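Consider the two complexes below, in which subunit A is the common component and subunit B and subunit C are the respective partners.
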Partner chain A sequence: METALNQTFKTKATKLLGVNKQDAKISKTYLFVSFVILLVGGFLGLAQGLNRAGLLELPSWLNYYQILTMHGVFMLLAFTTFFTFGYLYAGLSHELGGLLPKVRKIVWTAFASKIIGAVLVVIPILMNEASVMYTFYPPLKAHPMFYIGLVFFAVGMWLCNVGAFIQVANWRKNNKGKHVPIFSYFATGINVLMFFALIPVAVEVIYLIPWSFGWVKTVNVMVSRTLFWAFGHTLVNIWYLTATSAWYVIAPKLIGGRRWSDTLTRVVIIALVIMNITGGFHHQIIDPGISLPVKMMHVFMSLAIGFPSLMTAFALFAVFEKTARKQGGKGLIGWYKKMPWGDVRFLAVFIGMASFIPAGAGGIAQTTNQLDTVVHNTMWIVGHFHLTLGVTVALTFFGISYWLVPYISGRILTPQINKLGVIQTWIWTIGMIFMSGAMHTAGLFGSPRRTSYTTYGDHATALGWDPYMMCLAIGGTLLIVGIILQVYAVINMMFFAPKGETEFPIAEAEENASPTPYWTERWGIWIIVMLIVVAMAYVVPLTEFIVNGPPGSPGFKTW
Partner chain B sequence: MTQLLVGLIMIIFLALPPVAKIMESVMIIHMHMQMPMLIIAGFLIAKVFQERFPGFFDKWNRNGLPGIMLFIIIVSFWTLPRTMDEALNEQSMEVFKFISLPLLAGIPLRDSWKRLEKLGRNIVVILFTILFFAMGWLYVDAPVQLCNNYLVIDQIILGWGFLTTAICFVIYLGYVFFVDPSKYE
Partner chain C sequence: MKMHKDEKIWLALSFGLMMIFMLITGYQAIAEGMEPPSNTDIIDPQKVDQTAPFDKPGIKQIGDKEYEVVMTLQVFSFNPGNIEVPAGSTVHFILTSKDVVHGFEIAETNANAMVTPGYIQKVTQKFDKPGSYLVLCNEYCGAGHQAMSTTITVK
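Let's turn to the complex of A and B:
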């Protein structure tokens, strides 16, 4: 444990890992925006939590559904996107010898496009013209500006993908026959997945724009939902894959160990890229219009993603145990004492990983049709994704920030900030146990999601949810404290911490590993396999929805 | 050995009556999932045959052409509406499907692919691209039911399955023709 901490605190040693100033600026800007969004999104979340507990009545000029739409868009789309690209580009720059000037230009353009997009999305929400939630399911109809904003945001994401492709392709040309370094390999997988996942939602938004202007009268609701989830599901898995990259590549280094099998790591990435988009259907298990055998097939497709995810859990616990034993850990479970629990960079990531066990179990339950009918559209689901996104992804991102922000800012992680981070991690964990636990339970008793506070005329069942909603509010309050501490830590590390060099911690491959086969580099082939799998999965429902389609729905503004 | 085992387990699993029934109840899953999986099973099993009977394969399939011809014939046979129908109606035809696809398509495919030149491989892919576009067009455009067992909508779905797969083949061909691997490898 001491060794791991000392490595960063005594950072003078490794001067050769200097940061490229221009690239650092990119990552710094992305991360700064990301955490500002987190702060705002957190307060919106708190407002929802307090409202649902009956403690806070929201003003008419900023109602529950406006807040909910913003919270969803901020947390699921914006916080995560800005963080991911800040992180990935820092890694690409570090591993591949600095970004190309062309790539820098692309990434800055992407940044502008995303900011313009975000502003265009937020304005109509604030005007109460777009309370359509982050899923913007038709026939709910938002102001056209909302959809146009989404297009700008998506273009921004695409540009970032393209920038990464150019960077990696250039490196490969200059390093013929070599394997792309592992962090950049993860970045490639993440960008490939995002690039293709954006296509269906872009198609949807493109036809929603004329509809929201009123030029086209009706819209096919089922097609829209399907296109949305092809993206929405994959997006969440992209954040998960981003978090996974830190588990595989960074965490072993922090505990002074080596990575897990390089070949299998790359195989996991390929598998997750190929099979992910088809998982979108598990969000439509309760939707009409999809026949049962097809839904059955999709259960298998969803569970197929579970396999590489399970490999992940196996791999990392194996790495941790191996490292701890090398450092003198003993006994069946005694080795856990050797882990650097006082190091926030490890602790946050570890809790993020561990929380994926209950989160994943819940997810498997939800892919089962019968079980899902009980929890669909209840607070259970909200509890589920606050575990997956709010803990697994968010805590891993927080853990990353404690070395990434100092690294790009040319500063160090001080023991004080480390301690603050450890405290924040525990606050976050306890807050989420309260909030997510309460959400899961209330959901089982039927409390609906996306519904502002109501007692349904003092109905006994609805009143029975109140104690859980109180727990939810307590959890939410802890979480906002956590967010404030986290954002304070980031600002401190970015602008005020003592200057110094921080390392970008990439772990070495296993000792005497067999060489990784070259076919892992053939992304062209994997992309085509992915496209075939996606085509097979989506052709059935989409053709049915279109050929046997109903007349379509006009738009509604129900709020 | 593991490959043989995986292949055999796949065939047995696919042949289980409830599995076969549910897969065959959807036209596109029947043709684009069950059948390819049977071929993949044969592909896996092939290794054992290649090791046991190297002489046989060297003698009859030296340049890969006979094997790939057999593969093409068997696969084309199973893309016909009539054969699908018969597999559902006649027990013997169903058995033939479970034997022919792994043994007469999967095994020769694996043995031949290695032996074919790059040009040969590309010609095979081009052939299937054309076939898939043609079959797609047939299934999408046919105004009548082509199979007694499947509805017109199933047919249209299958047709789009063919077309989308054909598009993926085109992308593959584009990748092969325009990306020069010697720049990277």
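Let's turn to the complex of A and C:
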């Protein structure tokens, strides 16, 4: 009882004093690093886009494949990880009454581990000793430092997961029988998923280290690929789930509404956690060594992930419509006029969300056997994840930054920065329509991904892709303008905007809601179900690769 | 747990849509043979040159307008390259890699497969229209990846 009282007192104190200074410092540091990485990663992306269009010849000391490897690692792994934890820990601190001192320590240790890891990964790439892409498929063999850096980075992510678990567990101990507040519930789901998704890739990397040193001669290529994708696809879904948290929890508050059904929200989170890891296999639809029935099963398992997203689509548009109608919106679709389109915090998040409609549909298409065969490893795929990650996730993260950065910095969002944000959102959207649109189209005609500028000896087919590559370069140029504006806005809100109080906008549950059943809190059960699903998906193919696999492959440095 | 009626309808439709999608995918793959390349034969990736049939890569006519191509992929080439077949031919490609993971894509067709070392991949493609088809590697394989291509000329 006493601890509970203590907790309430702390919560009230935090509310009274605004953000906890020590916790704000954590989030501020994570977000600062995240946006610096975005800036560098953006320029790397621009260089690729211009090269692909034949407009820019890259120097031999920093070639296309080095830049591509760095762009992938920076954007998919680093920008997103640092942002996610800066965001999640700000929310955990706000909702659960400040971080525990030991959690703070863990999160700072995690920060150091990730920075060390990132440096160790980047050095060999710059030395041209690790041009192996974000996927580092063996038998391409990078410098051992690359893999060791990845281990440090993964440990940093794990520590952040553990910190969140301790924080939430402590709250549960002090609030027995209560539901974990919704933002922290999202944070729990995200951390559970990340914790388990990191295991396969960690196993892979630890298995590759002795090989990269030359202590072990050969490596099992298919096992490595499979372990990688169990992680690689889940990772992007973790960023998606992070974005989803802002749609369910934050967006309704920004438009003056309430959340969607608390129970259904939690069910969506549980479903995404349980079903996600098996989705990685659809990256191997046209791989050899995997029999058709196994591939069929995986197509079904991957498609199943679409279902919770369709639940999300309904929930969010329903919230928007309900809120708009309450505010006097009329007509079948006339209510949309009532939405705060001039508010960047809403606009960016809304476009991010809406873009998941084509992005998700494209994803469903390329998850199936036949359709994947048409587009596998073409520019279509690159277009797809620039729509999912580059718009859905990135724009949602940008939208979050316009209240989160002022919140943790004790400053406010000024009308000028809001306006700048609206402009940047539109530049970003148009840039991505050009770039992603061009990529999707060129991919359908066969243009391959991860390939520097080439006309394949002036082959007519390849020359036919050139106009699309020009669109891609135009899109890429707009995007770098967008990134510069975005980073400027973040730096301004962090250090220069007028001081003041900014709210952490968590929407309240819907009116007259029926109570949420307590089984949603049984994470032990959900984790077991998840592990069963993962076992169903992976035990058979992995055993097959190991028991009936070919002799291993020696490493190659082909760049 | 209470659910709005609209939502129930939406979710029922969503579920139905996914099921239909799965059924069509399954039907096409199994009944119509539109399965993705999934051969499971293995080979020692360090002894490709000594292992039949890859000791003699090349093209061989195996029937009326039917050809078999035994091909190795290595940085940064396809062997044999620049194949010629008459229009209307069905070509069975038998592929393996001598080094890293490569991709085998015939642009403007649906032929697309990963060729990983240690496995023998099989792809069949019918060429109806005459012309020059671009074959390219669509999996990053090293510094010369953008140069890894060949053609199939259909006469």
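Quick note on the criterion: the second predicted complex is superposed on the first by the 543 of 559 C-alpha atoms of A that agree within 3 Å, B and C clash if a C-alpha of one lies under 4 Å from a C-alpha of the other, contacts with A are read in each partner's own complex, and residues count from 1 in each chain.
The rule we apply is simple: contacts are C-beta pairs under 8 Å (C-beta built on N, C-alpha and C of every residue); 3 or more make two chains touch, one makes a residue touch a chain.
Just so it is clear, the model here is predicted, and its values are computed rather than measured.
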**Report entry** Fit or clash between subunit C and subunit B when superposed on subunit A
**Finding:** fit
Query raised in the report: More residues of subunit A in touch with subunit C or with subunit B?
Result: C
Query raised in the report: In the superposed arrangement, does A:415 touch subunit B (first), subunit C (second), both or neither?
Result: neither
Query raised in the report: Between subunit B (first) and subunit C (second), which does A:214 come into contact with in this model arrangement: first, second, both, or neither?
Result: neither
Query raised in the report: So, A:467: does it touch subunit B (first), subunit C (second), both, or neither?
Result: neither
Query raised in the report: A:547 contacts which: subunit B (first), subunit C (second), both, neither?
Result: first
Query - Angle at the Cα centre of subunit A, taken between the Cα centres of subunit B and subunit C once the superposition is applied, in steps of 10 degrees - result: 70
Requested in this report: Answer with first, second, both or neither: which of subunit B and subunit C does A:314 touch in the superposed model?
Outcome: second
Query raised in the report: Is A:296 contacted by the first partner subunit B, the second partner subunit C, both or neither?
Result: both
Query raised in the report: Looking at the overlay, does A:334 come into contact with subunit B only (first), subunit C only (second), both, or neither?
Result: neither
Report summary line: For subunit B relative to subunit C post-fit, closest CA-CA distance rounded to the angstrom comes to 9
Requested in this report: Could you give the residue numbers on subunit A that contact subunit B in one complex and subunit C in the other?
Outcome: 291, 296, 548
Query - Parts of subunit B lying in touch with subunit A, wherever the complex brings them together - result: 22, 25-26, 28-29, 32-33, 153, 156-157, 160-161, 164-165, 167-168, 171-172, 175, 179, 183-185
Requested in this report: Flag every residue of subunit A that touches subunit C in the complex, lowest number first.
Outcome: 63, 65, 68, 131, 133, 137, 139-140, 221-222, 225, 261, 263-264, 284-292, 295-296, 299-300, 303-304, 306-307, 310-311, 314-315, 318, 364, 368-370, 372-374, 376-378, 445-454, 456-457, 459-462, 514, 517, 548-554, 556, 558-559
Query raised in the report: Quick one: in the complex, what on subunit A touches subunit B?
Result: 169, 172-173, 176-177, 291, 293-294, 296-297, 518, 521, 524-525, 528, 531-532, 535-536, 539-540, 542-544, 547-548
Requested in this report: Write out the stretch or stretches of subunit C touching subunit A in their complex.
Outcome: 1-4, 6-7, 10-11, 14-15, 18, 21-22, 25-26, 28-30, 34-40, 42-46, 75, 99-101, 103, 105, 107-108, 110, 112-121, 132-134, 136-147, 149, 151
